[in-house]
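Both complexes shown next keep subunit A, but they swap its partner, so subunit B is in the first and subunit C is in the second.
This part shows the complex of A and B:
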């Protein structure tokens, strides 16, 4: 019986449920020191002096280090622009300036607060728009001296960290041939990962090597980055991973690890650091805020002749992975829906704000928001039903993405539209919402006419309803993974890998199931190790939905090798041909001869004491899909490997009195290749939608002159359990021949289309476009009041006005020119 | 800091007179403890009154209901007497924080902290709440209106303990309710909270109105200018008086100096209409 498609218990469930699991933040060592950072209180300025004396007077404070005491080179994932401690100037609020080492955490934190910083403040470059203004102050006047990994030309120039340009040069022609031009500018704020366990690091230094213990998504990157910063060989750094209390992309790069390493070497004692809640908030590598301007040339029959996309995203004070992420627009525009031609320019710019970074579905939520809001705008301008217009515009099998990569399975998306419609028929929803608008109008008219106000209103007479859709094609991160599978002498198996369990269950369930399936074991007979860079092959971390697909494939290959060894040994023991043997529930049997059997334990023992233990290792990297390398300049992500297909449909109510948006129904149709652990996939979908709803409606990450306005979880406004509906899910399976048993990635994508679907639904409900996030109650009330003459909050503008020939009758609104 | 656990009202007032302004009463702790942990409060003594049985309980004597200072929000939200005779108070208590908060937060705490956003205060104001105060030097009775001097500021003397609250029940031809607008559906402070109590004569004339608000820059307060607009009007009349009251309430919350104040004003207009309709629908014959 197959263990695939079942949902066995997670290997970490019991320990986590009982509070016994040791997370990074739980770690402690005998003789351990603590350190804490004094951080810049201002967004920009020149450091005049740092006086450690007040900190050194504190009980238990051992030392205060500044830039003069640590390596003075700049480092980075792509651009080497980041100093370990600020020297000369500070570029964002929260930038590390000095480090205080003490005997206790309290003493270290008190010391960090006591360090006297004398900083001459400068007017910060607060927004990406400001950064691009002619003559804008340069965030890094010496930007030209920063090295770029691999010497790549990423279009750097002043405040522009990276520029990716795709321009086939035929746009003017297309725009000249257009009947209408639809334009929109879509603005989105940052998004904070809001994981519960703060960032921490613990280092020891022994025999010339660092051991760094963490709860981190990508131990091998940490190994390499700590080596880069401290100036040692990567093999001199060992990273050991522990349970992770959430990351969502925030724990992919180095943060405190290099500091503890240097201090452990300096003091020859274990050193530990951990962010305070405020530090978490101030220096989190948030999803970048962005402005996406889209202009499309459209024919009256609905053909999109061309799309012109101009994107500016905020890198913050340092480049981080912004230059790589700037390639992603290439896989959103003109991929999901057909456009004749497209020009796409993305600029990632420096500002005096905390560096942005990776958050689940990097760049996706705001790119899909822009793409799908724009599709609604075009449908409205054409007077077309929004779903019909999407279906007519959908990419077809064999269509090329902007990088020249063929979409071999685009028709999966069409299937998704059908599947969602079976569950929640669009036409019924649209007509029901239209009827509700009638009730609200009548109620409003009655009130305006001064009718008897004490009359109890018709039920929900001040609630408008709307529906929206959003589609996405998302990738599965291809980066390398490795696994060793060993058959234990008791017949169980152990998988040795540095794949990290970031909460999704990919390691705690999926990878074990893949090994179990191949070896003929129950899932709970497979143990999987915690990450350790000394003990395993390279792993590219818990990111981009890659673990099940990439590491799963490595495990499937290694386990197949182990299986071959088992059958070979058993065939000699049972005197039967290997091809006549079957393995079920840990027992090898000669097919059709139940009496001729051996436990895997017996086979393993026999092997161990004759030929040697049965183990096998395998590696996997997803090959880059075929593409046109000359499609764009500055492009670091060249292809969109192992794509998956997604359609979301949201139904919302808008309270016209309070402006509150309630999500009444939410349907997700997600293609996963093969569902290894259906419950884990359901968890990913429910969680991704919750995070997407926060981005769309309630979370606030506002910047004021480079400083964050909201500084606590409470002010942040994560959605509550009450705010998130039970998501209805349709999981589609189209097996990927390269994936383990057909599995593709499933973790990131559920967040990607959410804000777009919700914004489309709210815009539909009110009849006013919402092109800026978040959609707050204030913004909703403002939109309702902006309606002409306050006549009725429910204009009927959504109804397509189409004449017999299917041509648009009504002149298009302000958005079309 | 000293932690004083007291077992009786007498012990409590002794400690209060000993510590004066240096002492702080601890009941449910949902306000005091976070303030203490954030370093906003550093009293010399925390006087824990949570073990005083005499401050518990809801009783009814001669048509007046007395609610002990330690009665929790959860109790207020679920007690049938409160639901029946003080529905606005039950509704307000059910909207404080979240279930966990409501289980420990007390009515006395909500009153004495006097937060500008305290949900129960508008509901108490429309029930003309009277506060029974006790100190070493004697007893005192103060109306809630008199007690509230500003956000977080009360006329309570440092040596005084709030023992109980007396509230006036809803009349037979009356209705009341509380509505709250906050950013999130739970665990959030009111952007605005609005309580209304109406009494209506058999012929449908509004004979009694109390309207109270919380959530602005000021402490919770009644709005007499809005009340007078409604008083004496015929419920089945054809004047859009609810709209006018909403406008008056919006004026009463003061100038829209911040985006939040602007939002509060906007919301109040429609919010009053919603609450008034909900209330009048409950009065027999009033909507016919």
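This part shows the complex of A and C:
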């Protein structure tokens, strides 16, 4: 019986439920020192002096180090722009300036607070708009001296960290031929990962090598980054991974690890660091805030002739992975819907704010937000039903993405529209919401007229309902993985890999199931190791839903090799041809001869002492899909490998008195290739939607003159148990020939379409476009009040659109009352 | 002669998971810090440090509290239960077993606190409805699961101890 498509217990559940699982933040070592960072209190300024004396007077403080005491070169994932400790100037609030080493955590933290920083503050470049103004102060006047990995031209210029331009050049003609032009500007704030386990690191230094113990999503990148910063060979760094208390992208790059490494070498003692509460908020690599301006040339029949997209995203004070992420718009616009000829320019810019980074779905949630808000705007301008317009505009099999990559399975998205409609029929929802608008409108009219009727107000007379849809095509991260599978002498198997379990269950159950399936074992007969860069082949970490697909494929290949060895040894022992043998539930049997059988343990035992232990290794990396390398300048991500297909449909109620938005029903249709562990996929969908609802409705990460406004955990407005509805799910399977048993990725994308679907639903409900997130009760009330007499509430008219002559014309929406 | 304890150190007596302990704590030391660093109980988690996320929740005299903002020195004479004190030997509690069945554990960092809150709820309200459970979890942030599988596990646990 197959173990795929079942939901066996995850290997870490018992330890996590008993409180026995040791996370990074639980680690301790005999003789351990603690260190803590003094960080810049201002967003921009020049360091005049750093006085360590007050810190050194503290009990147990051993040393205070500044930039003069650490390697003075700048490093980075793509652009080498980041100093280990700030020298000369500071570029964001929270930038490390000095490090205090002490005998205890309290002493280190007190010392860090005591370091006297004399900084001449400068007016920060606070926003991306400011950064792009002519004559704007440069966040890094010496930007031109920073090296770029691989020497790539990524379009850097002053405050522009990276620029990706796709310009086919014939847009003007299309706009001249348009019946209408629809424009929109879509603004989204940062989003904070809010993983519960604070960032930490523990290092030891022995015999010329660093060992870093950590809870990290990408141990091999950490190995390479610590080597880059400390100036040693990567093989001189060993990274050992422990249980991760959430990451969502925040634990993909180096943070405290290089500091503890250098200090462990300096003091020849284990050194430990951990973020304080405030540090967690100040230096989290949030999802970038962004502004997406979209302008479309549209014919009355609904054909989109051309689309012009202008994007600015905020890199913060250092580049991090922003230059790579700037390629992603190329895979959103024109991949889901046919948008005609498209010009897409993305600029990632420096500001004096904390560097942004990777958060689940990276740029996806705001790109899909812009794409789908814009689809609603066009549909409204044309007076078309929004779902019909989407269906008419859907990309088709064989269409090319903007990078020239063929869409081979675009029709899956059309299937998703059908599947969602079977569960939650759009037309029924639209007419029900329309009827409700009538109730609210009558109630409003009575109230406006000051009417006193004997009839009490109808129930929900202040509640407007709306529905929205959003679709996405999301990648499965292709980066390399490796696994060794060994058959143990008791007939169980062990998978040796540095794939990291970031909570999804991809390692704790999915990978084990894939090995079990191939070897004919029960899932609980397969154990899997924790990450250790000394002991395994390279692994590109827990990101972009890659683990099940990439590492799973390596495991399936390695396990198939093990299986071949088993059958070879068993065929000699059973005196039967290998092809006549079957393995079921840990027993090798000659087909049709139940008596002729051996346990896998017996085979393994015999093999170990005759031919040697049975093990096999395999590697996998997803090939880059065919594409046009000349499609754009500055593109670091060239293709969109192993796409998966997503449609979300949200139904909301908006209380016109309180402004509160309630999500009444949320449906996800997601294509996963092959569902290995259905309960884990359900957990990823539910959890991803919850994070997306936070981004859409409640989460706040505001900046004021470069400094974060929200400085406690709760201030971020994270969704609570009472805020998140049960998500209804349709999981579609279209096996990927390269994936293990057809599996693609599943964990990252459920967050991607959420804000778009919800914003479309709220905009539909009250007839005012919400093109800025989050849609808080205050924002809703403001929008309602901006409308004279709340008339628009019932009218559900849209923003006027502008025709090609620049005259305003109001389109009839077809829903006007 | 009687020695006054210094302002810095206080000796407290604490019953933790049914075992009596007596030890000194610093002024300003939290209950969470004492449990983790003096007793080696790392089940209660250090997360927001602000009493806002619930990962550090333990039961004090049966009621859930955020141990990261409680002064250890004020806890003398109290009975504390941590996540380590839930399961007896090999057997997980009914609630913990339901968490396994419903795949309610992902990264697992919020899990100890969530278990303590739900254990207290089920002690007080053996037959909670879904909104009772969601309300009880108002002080526990889970960033992974979206709460649904946790809620279903709690409902299932309640049902499996009902006649």
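The rule we apply is simple: the second predicted complex is superposed on the first by the 787 of 817 C-alpha atoms of A that agree within 3 Å, B and C clash if a C-alpha of one lies under 4 Å from a C-alpha of the other, contacts with A are read in each partner's own complex, and residues count from 1 in each chain.
Simple rule for what comes next: a contact is a pair of C-beta atoms (placed from the backbone, for glycine too) under 8 Å apart; a residue touches a chain by one contact, two chains touch by 3 or more.
Model, not experiment: these values are computed from the prediction.
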Touched partner set for A:720, first subunit B, second subunit C, both or neither: both
Touching partner for A:502 - first (subunit B), second (subunit C), both, neither: second
Which of subunit B and subunit C A:48 touches, first, second, both or neither: neither
Greater residue coverage of subunit A in the superposed arrangement, subunit B or subunit C: C
Partner chain in contact with A:276 - subunit B first, subunit C second, else both or neither: second
Common ground on subunit A, meaning residues reached by subunit C in one complex and by subunit B in the other: 714, 719-720, 722
Complex contacts: residues of subunit A adjacent to subunit C: 7, 9-10, 12-14, 16-23, 25-26, 193-198, 243-248, 276-277, 502-505, 679-680, 682-683, 686-691, 712-714, 718-722, 724, 726-727
Of subunit B, residues touching subunit A in the complex: 181, 183-187, 235-243, 259, 262-263, 266-267, 270-271, 273-274, 276-278, 280-281, 286-287
Complex contacts: residues of subunit A adjacent to subunit B: 447, 450-457, 462, 656-660, 698, 714, 717, 719-720, 722-723, 777-778, 781, 785
Footprint of subunit A on subunit C - complex, ascending: 36, 41-50, 52-53, 55, 82-84, 86-87, 92, 96, 99-100, 102-103, 105-112, 115, 131, 133-135, 137-138, 140-151
